[in-house]
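Please see the structure below; I have some questions.
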Amino acid sequence: MRVGVLTGGSDCPGLNAVLRAVVRKGAQVYDDEFVGFRDGWRGVLRDETVPLDITAVRGTLPRGGTILGSTRTNPLLLDDGLDRVRGTLARHRLDALIVVGGTATLGVAARLADDHGVPLVGVPKTIDNDIPLTDRTVGFDTAVGVATATIDRLHTTAESHKRVLVVEVMGRSAGWIALHAGMAGGANCILIPERPFSVEKVCEWVESRFRATYAPIVVISDSALPESGEITLRHDVTPPPGADPRARLSGVGEWLGREIERRTGKEARTTVLGYVQRGGSPSPFDRWLGTRFGLHAIDAVHDGDWGTMTALQGNRIARVRLADATSTLKTVDPAQYEEASVFFG
Amino acid sequence: MRVGVLTGGSDCPGLNAVLRAVVRKGAQVYDDEFVGFRDGWRGVLRDETVPLDITAVRGTLPRGGTILGSTRTNPLLLDDGLDRVRGTLARHRLDALIVVGGTATLGVAARLADDHGVPLVGVPKTIDNDIPLTDRTVGFDTAVGVATATIDRLHTTAESHKRVLVVEVMGRSAGWIALHAGMAGGANCILIPERPFSVEKVCEWVESRFRATYAPIVVISDSALPESGEITLRHDVTPPPGADPRARLSGVGEWLGREIERRTGKEARTTVLGYVQRGGSPSPFDRWLGTRFGLHAIDAVHDGDWGTMTALQGNRIARVRLADATSTLKTVDPAQYEEASVFFG
Amino acid sequence: MRVGVLTGGSDCPGLNAVLRAVVRKGAQVYDDEFVGFRDGWRGVLRDETVPLDITAVRGTLPRGGTILGSTRTNPLLLDDGLDRVRGTLARHRLDALIVVGGTATLGVAARLADDHGVPLVGVPKTIDNDIPLTDRTVGFDTAVGVATATIDRLHTTAESHKRVLVVEVMGRSAGWIALHAGMAGGANCILIPERPFSVEKVCEWVESRFRATYAPIVVISDSALPESGEITLRHDVTPPPGADPRARLSGVGEWLGREIERRTGKEARTTVLGYVQRGGSPSPFDRWLGTRFGLHAIDAVHDGDWGTMTALQGNRIARVRLADATSTLKTVDPAQYEEASVFFG
Amino acid sequence: MRVGVLTGGSDCPGLNAVLRAVVRKGAQVYDDEFVGFRDGWRGVLRDETVPLDITAVRGTLPRGGTILGSTRTNPLLLDDGLDRVRGTLARHRLDALIVVGGTATLGVAARLADDHGVPLVGVPKTIDNDIPLTDRTVGFDTAVGVATATIDRLHTTAESHKRVLVVEVMGRSAGWIALHAGMAGGANCILIPERPFSVEKVCEWVESRFRATYAPIVVISDSALPESGEITLRHDVTPPPGADPRARLSGVGEWLGREIERRTGKEARTTVLGYVQRGGSPSPFDRWLGTRFGLHAIDAVHDGDWGTMTALQGNRIARVRLADATSTLKTVDPAQYEEASVFFG
């Protein structure tokens, strides 16, 4: 078969593992040929391709990013988007498309498959881990690793000095990175977007922590928000079209640090991890997951199982409907957050 | 309640995360008191204890090993073992026991609970990941990380020179570490105990790899064996009583390296990872898993759910019967091994 | 002999290596006894001590921070500071003092030794590496490692997207961390306090980089400043007494990111590493250096070589005058900066 | 100018940093053109080349190995070696050669330059750090880092169990890796080739360590030897021509482990690090050192300073005579070894 492949949305570690597995199994087992599209859906719209064969994927397993490039382009926002997608597929005589992406990219894929009959399968990736029906998404474990290593390092400063340390991690709509890294790093307080926080309560934890041992570490998602009326963030205007919507909320970590200083009289320092979380060599887990997703995605193509997405369920790779996996976001379960709260303060 | 806690079997990363979570939730939420037993079941037999309270577990989350110590002692091998266990529990007026261990340690726990009514719950840990009914055991992810980092480093030597590189990893009866690290590290051949290997086939892969690109990397479990009649290992006698049974098979990596040299005429070099795989700071995944297991184990104690073990099933922590989890080993599924074989050669 | 020990200034990785070596050699070879002062000079002023013997230093080699604690207290700013220092030394019958610190802490030590006859020796530590007469200070190598690992991770985002990535690293008065991490990480532009920068020139580099390959990475010291008149930083008022003077300049990285966006029309993202750089397990180099400094410091005490500081010169540990080592700061040599500039743009 | 470049001897981390710096500065500042020779002197003898320009070195800074490949070929062992070297240089109209290597490769370079007038300069690299007149060689810091990380991990097993842990590290003729990693990792005994060891003394340390705290960690160079008459190593025959001479001594770590078991009755386990030490991403120090060496080597070429080698002396890059740097090996100074021995036992 002739198979097109694209990676869409923000880049994240483990994408190359997916591509390598798709190509190795496709070429060796099924005798497939591949066309890589540059920069996500944009490459399909513009018919810009990247060579994608066994040589191209060699040595890419430990590398972050994606050899195909990635953008947030959404073809369904254009009047002629669907036609251009179809045109490109026809021009390259493609029998199928493999779409690797987050909620937005896969949401487009779901509609193309279900409403317009485009023969495609999806693979879920995002450091945010907010896609339902799969235990984990590619990229999440690595992001948690970066954030946890940061918290580990901050503990020594917390022990030696008397400063509150705030760590702002990513998490557009779901607090999974904050929750997992906060638990793994031994944070004294974890703030997530699913649960508006009370600055007063945070300050109570800070002060009780000082009394009990040493300086506290507060982990906060960059989209967490205080209970109403308390905050004016730096970029509080509507972001320009095409900009990362995350930009809107930038600054909550520094804001919280200043609020803690103001209310408790303790010095506070904020570390903003930013893009470090989505870069660098993928963790072994993400390489294993990406590899297995890639192997199963090419199988799904050969089964003609259009409109499905690979999903980790236990240790099994399942197939779920793209439409089901993109109709909602998987946010942090309140019970899991409660579980973690025994370590607060 | 008064709760005794022990860690048995080989040490592994993430044990302290379990202990810390048990104690934090037990003390803070349930107002429990804890008695730590030194060195696994031996501490119970000898009534040797270690202080186990919030102060004792502070700062232990990122540390490998176990603050309680560990041995392979099996109380049921002693005539008076059961009585001594009961005696110690009575002496400390313990209402329950939390047993953290691998198959052997938990197997003892299952019998004590089911046959002798000892009120206990179990938590599965082992770098070997060979306990059924749980997706993963505490310690496995870290061991895979160490092995993968090693393979990553060896790739540069493989690229620059013409030598076959053999990496011997742990895996007493199951090849999970070899499989996951081999997949994550991009090994060219993975040999596991579940599947006796043909040295001839390995040499074919080695030679085809040399033709295709550069020197191959072979990952082998330390208990993998060639098809019959081909090997005489160094420690082929019965190990002394009490010794690590693993010792019996020590040397298969070096043996394979020499066989490859002899048959292909290529130089081969072996790295024996050994105990490095079970030491050091636990990965974020193992800290998260250990923490959740600890939180749920103390809940199970308060539910009086004796004879159960915490288990990861998807993202949920379930309870399974210790008897079911220890009646067999979870070995590598042939289908998963086949999946990985697309990368061989 | 009876020897007091203190660590002053900001904490940094490798301090415990110094303490451990001092105590091991002192106790085992010279039969010394030690008194640890809590929180730098403040512990001397207040006569607050911490146990410091072989048991106390056991297992501390790989740990960041300092088991003694640290503050920026300067006894010579108090009217009765000198008397209180002398009083504490007399009360504990101390024959000598070992002072581990940066320029400020060691400057106090120099005056106490030279002007007031206090029998002491110094050990240089600071992540800033700005102490003259020693090739490196304890803590610098680790901080460079943290910053370099961050830049490594950002490269994958830079490759996959079209954003300028700004990394703000520490460096109060000297740009050593920025220079070394920028060189080791392959930054496309390095901005240091010793050389006021032209935003226009930075934007030229950014644009030429985009033309040549992919998105640029800009490394900037948190005390680097643009050429006059261009900047209004967030904390531009005099910091409160006792506050970290670094606070004054906080924000230059984000400011630069916004300036680049404004002038080039490219999106920019800033990572502020902050305290992560001074925390965590010391690098092997810093453990080796700290250990050797500790061994030589206790030798200097037994030689009665008061007023000296251990210094790395080549592979040799030398002794230099504290007064000479604290009379000036070691800033980045213009020739070394020029050397690095071949990689800019 | 037209400049040939080769990397010889065993590969090690940081070689690509040298190549990248040579090419970036040569091409951008001096308008040089480069010819890369494949696999060290062999590529010169056979006239096999590799493209070496700014594109070829892009992105190689964090990568281990060498993009040129490497072998141990010595052209001066061939009757017509010198003529073939001259022929290749003439054929490519090369004005100079930059030779990156260890003692053997640079020794050839010294003779070619001094005895035969070949216009060349050298750059010292080897994980063994055994080249005189330079504080450190490229690759050493990374190898120490790998070995130290291993020792760190073994500490947790040493704490939890009762086993002696032996770590065999590389060090052909000099014990620098063992010394530095042993000091940085907190080993309880360090054995180096410069100082034949007494197994009896090692067992005394092992037993005193058990009495004092927990299980000991013994670090041993793979070429360290016991005092005469005690050992029969596995590969005790003369290695085949062309084989790594190191092979001759393979096995001392396992031998020592068994001796310790036999004499003390304690279980012992050996980890053989092997090639892991010379692979993987170079440390920030090695990238910085390799980069500076490369920048200065191309300067030396343009100064016509033939027969010299770049050398780190303090923080300065000096030039020394290749003949002086290769006439002897820099072994571990007895005083430095004594210094470390305070931590033994």
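Letters A, B, C and D mark the chains in the order given here, with residues in each chain numbered from 1 onward.
Here is the rule we go by: a residue touches a chain if its C-beta (ideal position, glycine included) is under 8 Å from a C-beta of that chain, and two chains touch if they have at least 3 such contacts.
This one's a predicted model, so the numbers in the text were calculated from it and none came from an experiment.
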Shortest chain-hopping distance from chain A out to chain C: 1
Chain located farthest away, centre of chain A as origin (C-alpha): D
Mean-CA-position distance for chain D and chain A (Å): 41
Averaged-CA centre spacing for the pair chain B and chain A, given as whole angstrom: 30
Set of chain C residues in contact with two or more other chains: 152, 155
Touching residues (chain side chain A, partner chain B) in the complex: 21, 24-25, 28-29, 58-59, 61-62, 135, 141, 144-145, 148, 152, 155, 180-181, 183-186, 213, 281, 283-285, 287-288, 291-292, 295, 313-315, 336, 339, 342-343
Complex contact set, residues of chain A against chain C: 10-11, 13, 63-66, 69-71, 146, 149-150, 152-157, 159-161, 163, 165, 243-244, 267, 269-276, 278-280
